[in-house]
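Lettered A, B, C and D in written order, each chain numbered from 1.
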Amino acid sequence: MVQRFLFSCILLFCVYALQAQKAPRQGDPKLTEYWEPEVKVIEPGKTSADPPSDAIILFGGQNADAWAAKDNSAAKWKVENGILTVAPGTGEIHTKQGFGDCQLHIEWRTPAEVKGESQGRGNSGIFLMGRYELQVLDSYKNRTYSNGQAGSIYKQLPPLVNASRGPGEWQTYDVIFTAPRFNEDGNVKSQAHITVLHNGVLVQNDAHLWGSTQYIGVATYEKHGDKEPLVLQDHNNPTSFRNIWIRPL
Amino acid sequence: MVQRFLFSCILLFCVYALQAQKAPRQGDPKLTEYWEPEVKVIEPGKTSADPPSDAIILFGGQNADAWAAKDNSAAKWKVENGILTVAPGTGEIHTKQGFGDCQLHIEWRTPAEVKGESQGRGNSGIFLMGRYELQVLDSYKNRTYSNGQAGSIYKQLPPLVNASRGPGEWQTYDVIFTAPRFNEDGNVKSQAHITVLHNGVLVQNDAHLWGSTQYIGVATYEKHGDKEPLVLQDHNNPTSFRNIWIRPL
Amino acid sequence: MVQRFLFSCILLFCVYALQAQKAPRQGDPKLTEYWEPEVKVIEPGKTSADPPSDAIILFGGQNADAWAAKDNSAAKWKVENGILTVAPGTGEIHTKQGFGDCQLHIEWRTPAEVKGESQGRGNSGIFLMGRYELQVLDSYKNRTYSNGQAGSIYKQLPPLVNASRGPGEWQTYDVIFTAPRFNEDGNVKSQAHITVLHNGVLVQNDAHLWGSTQYIGVATYEKHGDKEPLVLQDHNNPTSFRNIWIRPL
Amino acid sequence: MVQRFLFSCILLFCVYALQAQKAPRQGDPKLTEYWEPEVKVIEPGKTSADPPSDAIILFGGQNADAWAAKDNSAAKWKVENGILTVAPGTGEIHTKQGFGDCQLHIEWRTPAEVKGESQGRGNSGIFLMGRYELQVLDSYKNRTYSNGQAGSIYKQLPPLVNASRGPGEWQTYDVIFTAPRFNEDGNVKSQAHITVLHNGVLVQNDAHLWGSTQYIGVATYEKHGDKEPLVLQDHNNPTSFRNIWIRPL
């Protein structure tokens, strides 16, 4: 009796001892699971281009109510057939709301009828925080300076490739933008950086910006708020936009 | 006559002088244009999901010829109606070609008929470089651990949001992956990092990985080549894939 | 007379014209200078180890007044001859002030008399934000696990090299730390990352942390404030510290 | 006898059983230890400024043999009392060896006798890869443009603070540099970035460069090799250097 118990005991001991002697890597898989915090559920768009449930719709086709003209009056660009088109000469428009770090989806189309060349063809621009310009241009068989073509951060960073569609065709930008941070004294704590897919193709890969876009002279940073309006440029070409949504990050 | 010429001359001089006296920031805009190197032209896909002209098509619908089984024999997964589906029990498949830094587009679908729960529902995985798993799972109304759901880097990094579509619906991942770099002695010089859009929604934002995915114990890096095959996991669920393309960066 | 003036005029015109015709790259160098904002002047220490004028001195040799025990009573560690030494069993100490992004200089010394081995020799730790442990250990001819030796982020990231000095010798850490950012729901917006020089040698190079240090199980992030106290560990070894200063970034 | 053994056995069993029954998070701490690869041991310098055993000494005080003049003849700068001093008019010098990613320690001193102002006082420069200039200048009570003072990446990035010592005093730079990567077509795959401690104070924090330093016009990247010589500038001021060492990363 004692021997049987002894035997069982030794057996059990051996089992445990063996288990304990197992090499690392063979422990409890639960140790590397974590359940909290729970990940927030959102509803994605029907396609990757459609706004997910947590996006702010900046232009959905009906109206330009999310936008204002430079003097804060109503945006004067044309809204027709679900499309927002630059009304040349009416000036840039900006969102009424400000944004910092964000994911932005925007679709644009340069005029089907090709006019002008280089920077004169279908030119517009998307100014993140009103300052950092992602160039919009008809860059289809239209050579211009590398850091001025579609997909470039204007006068700073050329795109990795030219993934342009032709004039009159809709094109997309999917943007992941991290705003710059400033010290109290106005110096730059960390540079803005950006990742851009142009028509689904990576054209900016965590590229760090030099500063606010400048037409003349170097781009430098000027301290600004955490959230600033998004601006669309009137460059005197009737470039169109649609399906604009943004997710603050 | 002389006076008229004199006058013109003075006028021209004044124009130039004025131009030269302009304050900084009002110099020649050409100074910040650069034309070389010229940006390579590629043709984007018809939609952002379609492969651009410079992508390597890993699965276009016809066959799984770009893939092999673990023993390097032909991949045994099912190809039907342009869809590649896990044949449970046949094991993982890997690309014949190796990849390092890359942009990857991949579409996947978990079974319409819901079976199992947590990790047991529509489970598969995309192993970048054969090691770094971007989880594939039916995470629609299916709670599991945060770092194990769709959009997570398995057992490491939970997604920023749960942007899952339902069972039976096609979902997309757009991935920008930077491979780790190793020192000669096998230590990590720089960590792998990844950006992922799930159904168009940002779920990983330049997230840095801990190492090779492990089911048990911590993920650690093990030195490997610059280019390693992409692996799709057989987790015993008939999860499907389509439209897989990759652009080495 | 008129002719002389005419001649001068043409000459001047030509000079300006020539200047204006210069090729790009040969414009005004002032265009790439910028003067604002002015850079703040500070006074560096006498040596690179001494505190600069804008540093907060956490331990200057006199007293441990910047620190408190876990229960917020006075720190019970020993201050003698300008040195702060763990009083084993009195528990960790933390700064009264909280810190986020920072540059930290700290000097430490393990006991001259070698006792114990592996993790048992001169063990202490510097917990940034009270959570992210930069290991302090006598790692001079004392093999332990790679991600547990001096210069490691404990149980996460091994140092690039072992740059340890011997027992009884003063060693330095120069740390550049970027705090993690959290979303409101507690998920990680961006990971903490760190650069460390150990005795002047780079041992962590912008390494991204997995989360709060854990002795058992994986490190995960838990949402915390922007500024949290720095903690020094009592690991039952009389490890010493001196010359501790920090610059919030 | 049997009973005693039995008793020991039960005791041991209980110990193991208890150990095995611990809840998750209370598993085996060994699971998060990893021992391979072993971390390479090096010997740090006596102070943080002294070269560690794995550094390449570029100037140790004896001679300038690691350097050459622009035409690859012997460097003509003055070596005296362990100090390397610009011989104005003899031109820049470059290391015979090339470097890419690196940790660099360098000490420099502007003339004790103050002459000139702004860019004319104690001007020299450290060109990483022969292209990316970390400015050397007497910036002690000597206002110049922010992106041209000591600690700046010349004409690109101003320092976070001005941590200059006075004329005639030795100053240090501790630099962590990551080289840019280029695509085959010459476009930039990833930007160069840099962290700099000036006299022990952080002045550049993972700052991303715009391109090769330019005196006139914008800095742009031009494809170059993985390893390129380090260059010291002759700017006609007798600025001195000492204790220069580098660790390829």
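FYI, a contact is a pair of C-beta atoms (placed from the backbone, for glycine too) under 8 Å apart; a residue touches a chain by one contact, two chains touch by 3 or more.
Predicted model, so just to flag it, every value in this text is computed and none were measured.
Where chain C touches chain D, over half of the residue numbers in use are shared by the two copies, so each contributes mostly the same positions. Between the interfaces B-D and B-C, more contacting C-beta pairs are found at B-C. Separation between the centroids of chain B and chain C, computed from CA atoms only, is 33 Å.
Averaging Cα coordinates per chain places chain C and chain D 15 Å apart.
Chain B has residues 24-25, 27-28, 31-34, 36-37, 39-40, 147, 155, 158, 160, 187, 189, 205-206, 216-218, 220, 249 in contact with two or more other chains. Listing the residues of chain A that touch chain D in their complex gives 2-3, 5-6, 9-10, 12-13, 16-17, 19-20, 24-25, 27-28, 30-31, 147, 155-158, 160, 183, 187-191, 193, 205-208, 210, 218, 220. Listing the residues of chain A that touch chain B in their complex gives 24-29, 31-45, 47-50, 52, 54, 103, 105, 143, 145-149, 155, 158-165, 172, 174, 176, 195, 197-202, 205-206, 214-219, 247, 249. Those residues of chain B that touch chain D in the complex are listed here as 31-32, 34, 36-37, 39-40, 101, 185-187, 189, 216-218, 220, 223, 249.
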